[in-house]
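Here the structure comes first, spelled out in structure tokens, and everything after it is commentary.
Note that the chains are named A, B and C in the order they appear, and that numbering of residues resets to 1 at the start of each chain.
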Amino acid sequence: MNNIPAERLARELFEEMARWPIFDPHTHIDPHRPAARHFDEILGYHYYTELAHATGMPVDRVAPELDPATRAANLAEYLDRIDSTVQYSWLLEIAQSFHGFPHDRITPRTIGELLERADRRHEGAAWDRQVWQASRLEAVFLTNEFDDPLEGWDTSAYIPCLRTDDLVLKLDQPRTIERLRAASGVDVQDYAGLRAAIGRLFERFVARGARACAISLPPDFAPHPATPRRAVTPIRKAIHQMDLRPDEQEEIRRAVFWMLAEFCAEFHLPFDLMIGPIRNVYPAGVPGGRDLFDRRVSLYDYRELFNHFASVTFPVSTLAPDAAAELVAYAWIFPNVLPMGHWWYANVPAFIAGDLRARLQALPKIKLLGYYSDAYKLEFIAPKFNMYRRVLAEVLAEDVIRGRGWSVDQALQLARLVLLENPRRVFGGAGRDASPTLTI
Amino acid sequence: MNNIPAERLARELFEEMARWPIFDPHTHIDPHRPAARHFDEILGYHYYTELAHATGMPVDRVAPELDPATRAANLAEYLDRIDSTVQYSWLLEIAQSFHGFPHDRITPRTIGELLERADRRHEGAAWDRQVWQASRLEAVFLTNEFDDPLEGWDTSAYIPCLRTDDLVLKLDQPRTIERLRAASGVDVQDYAGLRAAIGRLFERFVARGARACAISLPPDFAPHPATPRRAVTPIRKAIHQMDLRPDEQEEIRRAVFWMLAEFCAEFHLPFDLMIGPIRNVYPAGVPGGRDLFDRRVSLYDYRELFNHFASVTFPVSTLAPDAAAELVAYAWIFPNVLPMGHWWYANVPAFIAGDLRARLQALPKIKLLGYYSDAYKLEFIAPKFNMYRRVLAEVLAEDVIRGRGWSVDQALQLARLVLLENPRRVFGGAGRDASPTLTI
Amino acid sequence: MNNIPAERLARELFEEMARWPIFDPHTHIDPHRPAARHFDEILGYHYYTELAHATGMPVDRVAPELDPATRAANLAEYLDRIDSTVQYSWLLEIAQSFHGFPHDRITPRTIGELLERADRRHEGAAWDRQVWQASRLEAVFLTNEFDDPLEGWDTSAYIPCLRTDDLVLKLDQPRTIERLRAASGVDVQDYAGLRAAIGRLFERFVARGARACAISLPPDFAPHPATPRRAVTPIRKAIHQMDLRPDEQEEIRRAVFWMLAEFCAEFHLPFDLMIGPIRNVYPAGVPGGRDLFDRRVSLYDYRELFNHFASVTFPVSTLAPDAAAELVAYAWIFPNVLPMGHWWYANVPAFIAGDLRARLQALPKIKLLGYYSDAYKLEFIAPKFNMYRRVLAEVLAEDVIRGRGWSVDQALQLARLVLLENPRRVFGGAGRDASPTLTI
């Protein structure tokens, strides 16, 4: 070991990891249409439309009413502006590995060939299966709206996850209450009805195999224990679309969020907290490319939640890359706080490397939930995981093999824990105890 | 490529870059006297006086009333305390490369020799030209007060830039209004007069070849759309030196700033935002060495500005090194936000490397405005750019050549874009469209 | 030098540094019982109990009423969950280097053997001396409560340090005033009495060889000049346990803190500021494992303190790892602000490396106070310093030898300054001038 350079060790580690199955605990995959039938569905990923737009592409060049080939060709005109990015590298990896694209740049000249090669409309579900197998996918967690019927797919592969943003942040919108009534079968009129309805949602999701509840929260949200007494009036007003004072709106957010945490405790579901985004900061952006954050955020605001719900596992993602070090400290102390993946604006190798290094050095290995793809189409899962696996391989090669004298096998065992065994255990299902206390 | 170590690749890349011209989009050079005639002008750079003072040098050891040789000799007594810093390395590079200084330390024993070697008083402007040529300078942006007559130099080499701090932050000081009246020829008495006067400034600057408007803003400043109706009274009170309430002072800052952005839109000038400094935090410090920052700052406060002025390009620098990751996200989403250089307290290789890596990985290559020197004397430009070019070479060697298999030529093309082509395009002049939408 | 890889250079540098004496300017060592007589005292370090608890170990598994062998065996059951951490590596280094432990994992199977090997109860003080010598300890700073009698040990080896948290943060607790009266011999009844009593504490501590005053401060604390006029009533109320308004509590914290700084000036004592912790954020945690922080903190809040007490040296530690860059800037400008060590949640190689690199690049070398162990038992000092020395060696090898062409000897001189000479000078004793202005 003593004379092998870190770079070669990293390559070896990566090659081994690249053969492993992928357990992906957070995506936005549509289980009815998981892989892309047309390459426009790949290029339509907001990472590309927003980056192209950020270099000057007008929003209407990728308008939904355009036909897919035109939209893809339009976007391709801007790809040379972002071809040094890691996001672009995922795109190229998809083109090359899934579609045999022989070029090393996607340009207006080569886009036609790529669209043809990547045309899977005739293959249908067979293509989904092919991507699944080629990527060695084991489990893909979904992001299901609370009124998703959760029917029509294999929920042991595409695992339901109850997404709750609308309930917490948009309860005062008429559409939310209507959807909730329809989904729950409860005629929600007040606090008690709301609780009953949400309880029904949990029952249904768990019955259909959901293994997590998830929410994204703005930086100004600070959970506090809600008392029904204080919440009952604002919630009634929200349900009946009456005007709400700002403090009442805040009380509603807190009360519904707290209620969700209570149900996570009751149903033994991990509660994924995705902390930081502010929606629609740039309203003129492309769809999916309008949200940003305020970096002045702290997990200290979550202390009451973590203390109160000792039995609930909270896999936490933070959006502001500079907030990552704080998450290391909170996961170091709170048994129920687990650092999860590297999210969105923090999903960049430079940020991942620093953060991952700290997590590996300072945190119990059984608490590390390595990575999730956040993908909208199956094809993205492998390239994104490969990016992470490369960073993980480098960190392990440098810090753990070269730095501490571990063997390659020991390093791989640690990688396997982080990538596979921890996520499998923590997201093992509502019937099981998801806490990290489980013997491993 | 496969077997060349990153360190050697980095050296190759650096050597090539070191032969390129320098386009420096932000300095404090005095175009009437750009290079140093006496080494005291080099040693008087606040980086050295403040670092020496921070190790205990009394302020009066570098007092302006001392003669230059004494002042330089005084400072030299403290240089051994900072000779491990990167700031010191610029000094030594100047001494060695411009003045043939044969030693590797500047000490009380060698300072006399250095002062002699660096005495360019007899050479005058010829020395300016020599430094210009030896440094391969192509364009040096100035920092011009709004009442700078902008006369007496070649504005195609030393490019005017309208600095507007005083207008926004000191409008209520009698001197500001007097200067504004004198510079604009407008008898400013109220809001309308203020707008007319500022319009005249823009006209004059643009006519004289200005290619940017610039401002440094304290961390508590949050731009908001100003309405003349709300601003008219506070501005009149400020002009007439009447007492202002804090909210009126805030309204003035916002109104004048918004007005500047409107003129940037009208005159197609990029508006450099240098976010973070608080002036005079340490009043007992040396001149130029009294300012610091509060790291609790967010670009979220600038969202209305970025949204409203879609046609204005905002090259943004942040002072708090830990705020760098947020700028990556904002430049990723907003077409008109461009990350610019590595400023002041963030201009340290350790901070540059992490930040640059993230920018290169995550952002469209055509948006990266690599570096500026912030220099007060021409001699500093090359050493500072060399520092940056070394970091850039290392990042490209490791990430892009070793990590992603690019060729040396491809890496150099990217470096050229970042160092030269992007700044040339974005700061191409008021007559041109400075937005990054331009085809490249 | 030109062909030796950085990794080998780093190893050489480390091996040399590992032979140096250790000057440790901040620990929690009990001078009456500095080394561990039983390995349970090592395993009882909160780093292990809190990390084990964070993986699910119930708090009562390490309850104080258990016998040491049982407690140690209980904890050992959880060590496999944290055996990839750097904290664990200190543990293993202690077991192997001090006790000849022959295995490379501490497990339920090997814990018995380790307890036997590490049983030093019969050796008593001889063991303390052995650890002292084996670790090449030169000076170990203590953390003494203000009413510590400071008797019964060699204060030139175990150096007293006046810890003042209770005076500033808990003055309104009856126990604090009682202790203060007893320790000072002053019948404290009001502001004047408080000042007199605290003056006595300083006298006693300095007479007994104290070389620093220290305090840890929560992130919401902002020092302000206190006026006796404003503080006199709240302080009287606190002393007599009368109800205090929040603004009065704040006034007390500020007044007592300011008074301490005045005494530091009078007695020429450095005032260690340890900024950031919030106590008892996780009350259900193990002892010592309940504190966290809010990362939204800034040294800007300390500007009046640093300005007012120009003659007091402030060695500063920040708890939030992402606040480190700001400390670099403040130490760059303020003569009396010195960056000290890498504290607690920031004491992780990934964080140390980035921060240390910036400090070395940007700050005067004579201001760098390299490291302190924060240890509770002597055995931890060497492994923790070794961790730091490894990081320092890597940074010097990469940045300074490979990057700037320094010789190994020059790099070692810099390391020696940072590790030994600066701490010796700055913490040279109350009789000496502790400012960094001293000629070196």
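FYI, a contact is a pair of C-beta atoms (placed from the backbone, for glycine too) under 8 Å apart; a residue touches a chain by one contact, two chains touch by 3 or more.
Bear in mind the structure is a predicted one, so any value in this text is a computation, not a measurement.
When the partners of subunit A are compared with those of subunit B, the chains appearing in both lists are C. In a homomeric contact, the two copies may use the same or different surfaces; for subunit B and subunit C, under half of the interface residue numbers are shared, pointing to different surfaces. Between the CA-based centres of subunit B and subunit C the separation comes to 39 Å, rounded to the whole angstrom.
Those residues of subunit A in touch with two or more other chains are numbered 296, 322, 354.
Remark: subunit B residues 7, 50-51, 53-57, 80-87, 89, 278, 281-285, 289-296, 320-322, 345-346, 348-351, 354, 390 touch subunit C in the complex. For subunit C in complex with subunit B, the residues that touch the partner chain are 296-300, 303, 306-307, 310, 322-323, 325-326, 328-335, 354, 357-358, 360-367, 399-400, 402-404, 414, 435-438, 440.
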